[in-house]
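Please go over the structures that come below.
After this come two complexes, each holding chain A, first together with chain B and then together with chain C.
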Partner chain A sequence: MRAVFDHPLFFKITVNLKYELLAVCRCYQDMIYPILFLILVIVLFPLSVSPDPVLLNKISAGIFWIVVLFLVLLMLDQLFRNDWKEGDLEQLILTPNALSLAIFIKLLVFCLAISLPLIVMTPFLSLCLYIPIRALKTLCWSIFLGTPSLIFLGGIARALTLGLRHSGLLIVLIVIPFYIPVLIFASSAVSFASMGLSANGPLAWLSVLMLLSVSLSPLVIRMILRLGIAFV
Partner chain B sequence: MLVAQGLSYERNKRMLFKHLAFQLYSGQILHIMGANGTGKTTLLQILAGLLVPLSGNVSWNGVSIDKNVVHFTENLLYINHRLGMKAALTPAENLYLFLARRDLIKTKSKQKALENIKQVLEKLDLNLHAHVLTAQLSVGQQRRLVLAKLLLIKADCWILDEPFTALDKKGVALIASLIEEQRYRGGMVIFTSHQSDYSLQTEVKKIFLDACCV
Partner chain C sequence: MMKKRRMVKVYRFIAIKHFYNLAGYLLPLLAVFVLILGTYGSIGGLYLAPADYQQGDAFRIIYVHVPSAFLSLFIYLVMAMAAVIGLIFRIKLADLIVSGSVFLGSWFTFLALLTGSVWAKPMWGAWWVWDARLTSELILLFLYLGVIALRSAIPEPRVAAKATAVLLMLGLANIPIIHYSVYWWNTLHQGATIHLLSPSLIERSMLYPLLAMIAAFTGYYFIVLLLYIRCKVLEDNIKINSANNWQLTKVNIFHT
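Entry: the complex of A and B
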């Protein structure tokens, strides 16, 4: 075990992780508004549509996941933005052997910053939408497994559009087709669970999508950044 | 040895430069001059490997830089008008992260690295600000902080984009002395600047970029 902690790679990962987390925590204001938006939408929805439990029970899983997807789309604009503005990304590109690891850690920290508050808020939010208690565990799992794929895929679109001045619309256009499978599997998992069925199938698919995107997209982003599209 | 062959680049349908070629040996200094918008920064980005030129290539010690990225970037320090660090971290944290990313901190010698960073910050008169957020430093102090990289590690090739901006007289003298030192060590320096009073003792190669006709 000691050998693992003394390994240079382990050290590199911990240092990177620590400072990325610090940087995100010190800029928490940027992160708070989208999450506030999500909470507001979910709290206001039953107020404006109807607080009828039977109706809400049918549509709540879909609504929850659509709002999560909006949240991620809103947050994607923040991804890499400070690093790009401050020139940290250029320096990373020019650092030997560090790029894909650093990208992975950046995306991971970004995931944590989104999904941790979400998972903490989920019990309260699911109360508003009448998602049954028995589906709560599945809902948390679907957030835990679903948001990483959303963010890692979104990272590719963000890297492609870094150099553009108004990249928001383009990111949405690029990324939405890839988000649809995640949305379908995640919301069907939650609605299965709230009907009392087993949600293992959709959750397994969600984790497949997550593993694929988490493992492959840092490599793709590295290639995009090295191509130099961002600097034109 | 850095060799550029037949570099050309086009922006907004305007040729910035065409068939640009030069060779730079260790111990040589290259000053790229030209008015605003003539492509100095673009040329430096191409030389650093951030941008891919329309034609031509750049090679380092005989190997093209896009074929052997690690080999080149290990020896490269690139500094431009951006901070190149995280504004949300303090100078000391930033430099520590910089060293860690380059695998220059051994697990057993963290203390030594911290000492080293402290010394460098003292040399740059930033030791009082070592634990203030970088975003809160003044522009001149941030420019000074960027120079810390030049002091911290030894790299054979420095590419500096407008290193003299926003620096006081002492800072300009410091860069001039750093460039001289780098020369004696056998490294090379490529930089752009509008100033000509940086008073380098040694001879400097120069390239003038002109507003090129179509």
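Entry: the complex of A and C
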């Protein structure tokens, strides 16, 4: 057991994790923004489309996941922004340490900061949209499995557009083709669960996408950051 | 002691000067190729091929739809290969190939979708259905437009080349999905009728003009690409020359 704690990799992981979690805890209002955004936007849908429970039952899975998608796209603009503006990112790229590990921890903490408020608010929001109670567990699972893939793929687009003007809009243009499979699987999982069928198929696909994106995108982001787009 | 290796002569065309001359040599040949095959494909397809027993004369849009769809995938593969090679070996020609193909590639994808929906309205009764092949082709169009957007947003050209190379590599996952979508899912779009190694499922008098049209469209793409590369090389040369000789141009301006 001591060998685990003395290993340099463990030290690197815990140091990065502590730093990132400290940064999040110092501005904890960043965790409240997702909650407010979700409530405000989801409330718009029954008001504008129709408050009919039967109709909303059919489309609520898709609506919820599209709102989650928009939330992630809007929050992605903040991903490496503070580090880049203050010069930490440049120093991180220049040091000989494991850049991909640091990127992975940053993305992981960002993902936790978004998905934990999401999962907390899900029961209340499913009331607004008439998502049936039996779909609630699948909804939480789909958020837990789908949000990492959204954020890790969005991290690639974020690294590509780091120093540019209209970076928020460019992220949306670049990354939406890669989000379409995640969206399809997540909303179909919730739709199946709403109808009472088993949602294991789409959830399994979601976990495939999550494992692939979580493991491979830190390497891609490291390559992109080393290209020096943000430091022109 | 190192064995003396003979240099492979083809590799010298990676250099821009030699590629410029090669392109100048190939362009008339390609033009003749496109003219002959295009004429045969058009006349054979629109006039000589018999009308389909089920679709009547409306099937003849296949002679535009299939080449555009084939070319949209082919151009993406060419761009992605050039991008990867340029990223690994740092070849300037690779970026010229990518920037020269991206607009035409997105235009062919749009054309494939457009001619496809024009064909779909009489045959399937709807302009658009959300089946696997059409949706993945639409995603391909978004990928092309994303590449154009990213490329135009980064001001420094060499950095823009590397960024678009990364984006192109990521989009490669879509190509097998488009190609195999008719096998993997139950789609409204028909399956493959042209096979590479076994007899095709389409009548030969319809098949040969179709293959000719595909070859003619590909030749047209290469003509546009080579012309673009030649023009871009000349432009860059003018910029370099005027940057080197700015003293002279300055004198001409002020002492006219």
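Criterion: the second predicted complex is superposed on the first by the 223 of 232 C-alpha atoms of A that agree within 3 Å, B and C clash if a C-alpha of one lies under 4 Å from a C-alpha of the other, contacts with A are read in each partner's own complex, and residues count from 1 in each chain.
We take it that a contact is a pair of C-beta atoms (placed from the backbone, for glycine too) under 8 Å apart; a residue touches a chain by one contact, two chains touch by 3 or more.
Since this is a predicted model, take the numbers as computed values, not measurements.
Within the superposed three-chain model, A:P8 lies in touch with chain B and out of touch with chain C [touch as defined at top]. Annotation for chain A, partner touching more residues between chain B and chain C: B. Residue contacts after overlaying the shared chain place A:L160 against chain C, while chain B stays out of touching range.
Of the two partner chains placed by superposition, only chain B is touched by A:P96; chain C is not. Once chain A of one complex is fitted onto chain A of the other, the partner contacts of A:V54 are absent, as it touches neither chain B nor chain C. Within the superposed three-chain model, A:G228 lies in touch with chain B and with chain C [touch as defined at top]. Shared interface residues of chain A (contacting chain B in one complex, chain C in the other): 227-228, 232. Chain contact summary for the complex, chain C toward chain A: residues 135, 139, 142-143, 145-146, 149-150, 153-156, 159, 162-163, 166-167, 170-171, 174. Across the complex, chain B meets chain A through its residues 11, 45, 48-52, 69-70, 73-74, 76, 78, 80, 82-89, 93, 96-98, 100-103, 105-107, 133.
Of all the residues in chain A, the ones that touch chain C in their complex are 156, 160-161, 164-166, 170, 173-174, 176-178, 180, 220, 223-224, 227-229, 232.
The touching residues of chain A, counted against chain B in their complex, run 6-8, 11-12, 15-16, 19, 22-23, 26-27, 82-83, 85-88, 90-98, 102, 226-228, 231-232.
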